[in-house]
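Okay, so chain A shows up in both of these, paired with chain B first and chain C after.
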Partner chain A sequence: MEYIKKALPDKFAKTGWILLVLGIIILAAAFAVDSRRAFFDYLWIYMFMISIGVGALALVALEYLVGATWSTPFRRIDEFLAAIIMLLVLMVIPLFFGIHDLYHWSHNEIVSGDAILQSKSPYLNMNFFTIRTIFCLVVWLFFFFMMIRNSEKQDLTGDPRLTKRNNIFGTAFAPLFVITLTITAIDWMMSLEPHWFSTMYGIYYFSGTMVAAFSVTTLFAVRLKEGHYLDPKINNEHYYSLGAMMFAFNTFWGYIAFSQYLLIWYADLPEENFWLLMRWEGSWKFVSIALIFIHFVIPFLVLVGRSQKTNPRILKIMAIWLLFAHALDLYWLIMPTYNNAGAPLGWQELAFPFLVTGITMVVFNLRASKRNLVPVRDPKLESGLNFHL
Partner chain B sequence: MSFDSTYTKELPLVESKTSFSEIDNVIAAPMESKPGKTWFLLLALSVTMLLFGAVCLGLTFWFGIGLWGNNQPVGWAFDITNFVFWIGIGHAGTLISAILFLLRQRWRTAIARFAEAMTIFAVMTAGIFPLIHVGRPWLAGYLLPYPNQNNVWPNFYSPLMWDVFAVSTYLTVSFVFWYIGLVPDFATLRDRTKAGIKKALFTILSLGWRNSNRHWQHYERTYLILAGLSTPLVLSVHTIVSFDFAVSVIPGWHTTIFPPYFVAGAVFSGFGMVSTVLIFVRKVFHMEHIITVNHLEKMNKILLATGSIVGYAYAMEFFIAWYSGNPFEMFVFINRAFGPYAWAYWTMISCNVIFPQLFWFKKIRRAIPVTLVIVILVNVGMWFERFVIIVTSLHRDFLPSSWGMFVPTLYDTGILIGSFGLFFTLVLLFARTLPVISIAEIKAVVPGAQPTHKHHTNGQH
Partner chain C sequence: MAIKIKEFINRLKEYNTTWKTEPRSGQLHSISVLFDTPDQIIEAAKATANAGYKKFDVFTPYPVHGMDEAMKMKESKIGWIALLAGITGAITALLMIGWMGGIDYKNIIGGKPFFALPGSIPITFELTVLFSALVTTAAMVALFNKLPWTSNPLHETPFMKSVTSDKFGLVIEAADKHFDERNVENFLGQLHGHSIEKVYYPIPDVGKTKTPVFDLKFMGVIAVTAILTAIASYAVLNKVLYTQPFNWMWEQPRLNPQAQSNFFGDGFGMRMPVEGTVARGFIPYEYKGMPDSVIKLLANPLALTEEVIQRGKVKFDIFCSPCHGYYGQGDGRLKGQFPNPPTLHSEKVRNWQDGNIYNVITNGQNVMPAYDKSVAREDRWAIIHYIRVLQRSQNAKDTDLEGK
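Let's look at the complex of A and B:
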């Protein structure tokens, strides 16, 4: 069966742009009113976009690394979303203007009066921080360009050697992905509370990223199939693995979150527990409790069965649900530093949903308009389309 | 349009043209023939080691654990090291039988049975150590919470208590899983065996299995449910073992990465041991066409992945120890790397992180002698990892006046040797009394055994 490309409806692009512009307006207004709060909101948006963009690239790499075929019919979704990485380069620039609002280790006068921050200053200083951020972005960009170029070239040439080349890139990216994600998590989020530390933090963010990446892939996969944009051979069984991966990584997140919490709670050392206590102040208490149910308990119960994982309707709802959960998780990680007394929730935070959906839709649409939604001549495609449970 | 099938063709899981009866014969052969000299020699060696350990243990019971090198401040040493080591060895079995099953990795069939058996033996071996470490093992019954006359309850806040539940659950579920998988094989063996005690035993154990459609339906459902139930166990057991250390406030023990780091390490060491044993088994029992080089290569990939995760954890611990700005944390880690136990630390680093990196190369992954060397190093490295964590964190207490060193005595070493003796004795007995590969499952992955769903567009495939 030949795949015939069908253009995405104009409505999709239009909605994306409207959301994006609205998001920018809200964010700009937020900056005008209270720039410190706006920077925290913006960091929240930035971290979420890393989860989606870099997470999507990781899924592309993962497919090549493990030689999976079931995911090949869906791979373009992640290839398109990985283009967000190009935007991250732009998005990070405004953040550098907010470093002093976000990170109090960036104030020399504070550091000079704080022995602990002084001992950390070889790591937490502006120069090294900038170098690390650039390093991460360069790594992501490099692998994005190499892998996506090979994959798209294959649409024209059908050359199987391109798959082989991407196997190498995918394999090389796997360790670098974990390292860069850990650096990003420690630098941009953990150092918001520079006194606090947790060896688990990198893995914690990694697990959330994987949940978000699989969820956004599932959401697009189901929506595109509903609109008949994907290969007609794709049936409900194809979604099984997406559902299983969403479930598995979400449970993994629960495991990591629980382990981190339990160990800090049990030892009850003041150098660690203040971070959790901050999240128990005022209305943060409710966010903390909600996180347990929204991010773990409910998705676990919904997705644990087999029939749910092959039900596109349920998967679509759970994908949106888990994306919301990941957003809530990042909010819980970032915002208590802005306001310790209670969870800040006002019109400024509306920038988040508008911008992240807007950016995702616009980038996806821009990429999809000139490219095939299916890697048409990928040697693994046939096997992926013929997938059966 | 023609597709190159290089990237989609699954390598055959069983090499060469194999008939079902040939599989029966090959797998049943070790049980139906008299063991050779080598087997008796190995058994003699294992039993000697076991007896040596038993004597050391007997003396420990008689004189008390003062015979060991444990002291103040090193209150935990070989005993807990061995416990964690053996529990870890058991993790490959559950990962292979449960997680790889759920992930539809059909290559697991060739190695699952042996790995599951090793899980059970390793957990049994591990269970000895906490019991003897308490010094008065005859009082260990109080670990089980039951309303007794003395009104003595265990401390439910203690992860050592959670261990009791985690490990016993693990052993039970692993055993049930293993036995369920054996039922169809018992039936095959029953049908092959002529009258006698053996036949009677197989008849009882096969639970009236007749290979009927209904039997298979129930079997597959049970297997899936057990796989689902065992999956959290892969994580929970070693997570709780890691809690034994991480909930305390000892620098070097209390760090949040411990749970996933221990689990990865356990899977790593488990695969190391499974690989070590299977390399010999496939050779001795002429099963090279069932446990192929492809299987070993895949296991090596898992070793590479888990070994790198362990490396990540080492690096993270070291980095955060510095980043925390806590002088005690910093001291512990610098002392680990450059203190009196630096040799143990660098043994651990080289065996667990550096040597497995050779598996990036396909040639090395497929070279069996090199693999054998590396997997043995992995076993060594993982034992040392636990030794490093336990002893180096304890031997420098908070006050320099309470610094000490741990030197193992003959009894420490003897019991460690004895644990290997016990494990290998059980493995050797298993290899001769039960099918080391699942006969029923391997038949299902023989080329041509399953209807293919592939739609043949051209004659290429």
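Let's look at the complex of A and C:
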């Protein structure tokens, strides 16, 4: 099979770097003005980058685990995006300086006067917290290096045994992915309100992560196909499958989000309902209502039909839409702890779109510049290109 | 009975054999052709669609990709049917829950509003799925499998035997607008297929007005399926699910009313309510055994309306008239069996405050028992209004005639 590599345009890399630098400048300025707010914004960015990076690695693992062939022609997109994991190791360091601003369980004097926090302290303490964070990062890094190395080696050797080896790694990563993601969600987001708990919190973040991962894959796949970087054989049925996955996981998110809400609403216990009531204060009320429509109702209605899922333009718009929805979801999860009276929205929050798009574009460009955009000698590629529903 | 069953089985057997070897009539149903490879059938389907035939069909032993496009089939309408049915289901569920909980049978459950959207979502979701699943299945069977016809002339032909094992077949039906026997045969001959055959209607189908749905065999299968399903459902739901280890939480640590318990020191399972506890809807009567001066303070809370007086009359006639008489003169129907009560028209009773009468009804007096258990609080006050009406009717003054 003939593959001639076409380099990404310089404009792509340039835009990425400009956005990244602008984002860093805004974040630094925000830090100088109000460091507590900047830490919350930064946590928001960090969680979103986990969704993209680790979510992308999960999609790579998922393809190997289930033996899918239809996604092989654009598996490289996820492999490139998974490189964000390497950056996460650096990104997490500044967060540790903001622990005391972010989490009030980290203050010993507050814990000593609080019976609930005291009984939670065997889990919620600085040492164990750090160990868990490092554990998650190590797991992600290990599987990232192993799977991506095998996949790239295959471009040179075409050895089908590498696929088998990756099948094992993909299978091992699937449960670890869910466990590490749950730990991350509980540690970095749920413990913002250490008195509150929800047993569905892990899967709630997981469902959002999968939506974001499929959306970003769809966005890159459609854009790259439009620019003729991918094989011309990629057709409507590939698009349909991407759209269906996006639709399915978004509906799953709606299901999980509603289930969590319904249980809290029904029991109406003060130890649980205050978390939702916090999100009903002032302008948070509008964010909460908007989240239902932006993250569930509108994407559901748009993507439910078959013709929309095969239309690249609609897919592109919905991918961006759902990425925005996931950002809004994380904002809704994190920021009420910073300001409970109303949704904080100022120039500081601009750091989010700049940094998130900047990091994604720069990482993608750095990875793509030296690698093939298509796993050229993957044994599954041929059947993936001739994929029919 | 036994003979009838035998007869029935014989008829079924007869039907079965005739059906298998059914003779074909002279009425043409379609012309069929066979191919050996999926590529050939795709080409043939394209050519047939391009030739302008609409009523033709393709049979393959397994799904062949790209067939829908080759046959120029329109997108299936089944999705729209499912959508409409789903929306109907959602609206039905919301109207049902709204009417039951919010209008017809208001019940406070867990302090929630009578109709609340969050609690209704699961049922709405389920009815949406149920409606769309049932309607889609029914529509599929009815529209696309052409119920009530249960058979097709292509059944039991060599053509059908081939396409269900290893051949790819194409059929142009005689019902097509452009159908012309010779033209179609020529056309199919050009497609590089083989075994071009004419398929005729079976004789039982010719001129048949009754649909095969009413065939004994068909009805028999349906009836047997229904009976077996019913028996199986009954057995599973009423027998299997109630054998051990399914105990449905019958067995659990609990305390029966009036039973002994070692949990509390005194050995009683039940607890006395906290002092001063008042049962729901009960208002304590605070004036029991108190001097008249306090009771006089009790005022009738009911407005003097015709409705209240009517109610007072009803209750008076039920509870008071047996002794006091319908007009309160102490000449009730039980006269002689009990000491006669005094008349209610005496100077003393007429000068009583409402509170005094209320006290007597509530707590009783002399031989008269207490009525606090049998007559509701409001009804007692209504009765007092009615007694006042009786009193005035028996002791009317001249001035009453002038006013209204």
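What we mean here is this: the second predicted complex is superposed on the first by the 388 of 389 C-alpha atoms of A that agree within 3 Å, B and C clash if a C-alpha of one lies under 4 Å from a C-alpha of the other, contacts with A are read in each partner's own complex, and residues count from 1 in each chain.
In this section, a contact is a pair of C-beta atoms (placed from the backbone, for glycine too) under 8 Å apart; a residue touches a chain by one contact, two chains touch by 3 or more.
Computed from a predicted structure; not experimentally measured.
Steric overlap between chain B and chain C is present once the structures are superposed on chain A.
By the document's definition of touching, neither partner reaches A:246: not chain B, not chain C. In the superposition on chain A, contact of A:266 is made with both chain B and chain C.
In the overlay built on the shared chain, the residue A:305 is in contact with chain C alone; chain B does not reach it. More residues of chain A lie in contact with B than with the other chain of the pair chain B and chain C. Residue contacts after overlaying the shared chain place A:388 against chain B and chain C alike. When the two complexes are overlaid on their common chain A, residue A:85 makes contact with neither chain B nor chain C.
Looking at the shared chain after the overlay, A:185 reaches neither chain B nor chain C. Across the superposed pair, chain B and chain C both touch chain A at residues 262, 266, 388. The touching residues of chain B, counted against chain A in their complex, run 1, 3-8, 102, 235, 239, 243, 246-249, 254-260, 308, 312-313, 316-317, 320, 323-326, 453-455, 457. Chain contact summary for the complex, chain A toward chain C: residues 258, 261-262, 265-266, 268, 304-306, 388. Chain C makes touch with chain A in their complex at residues 65-66, 75, 79, 83, 110-112, 118-119, 121-122.
Against chain B, the residues of chain A that register as touching in their complex are 67, 69, 115-117, 119-120, 123, 158, 160, 163-164, 175, 178, 182, 195, 197-203, 244, 255-256, 259-260, 262-264, 266-267, 269, 271, 377, 379-383, 386, 388.
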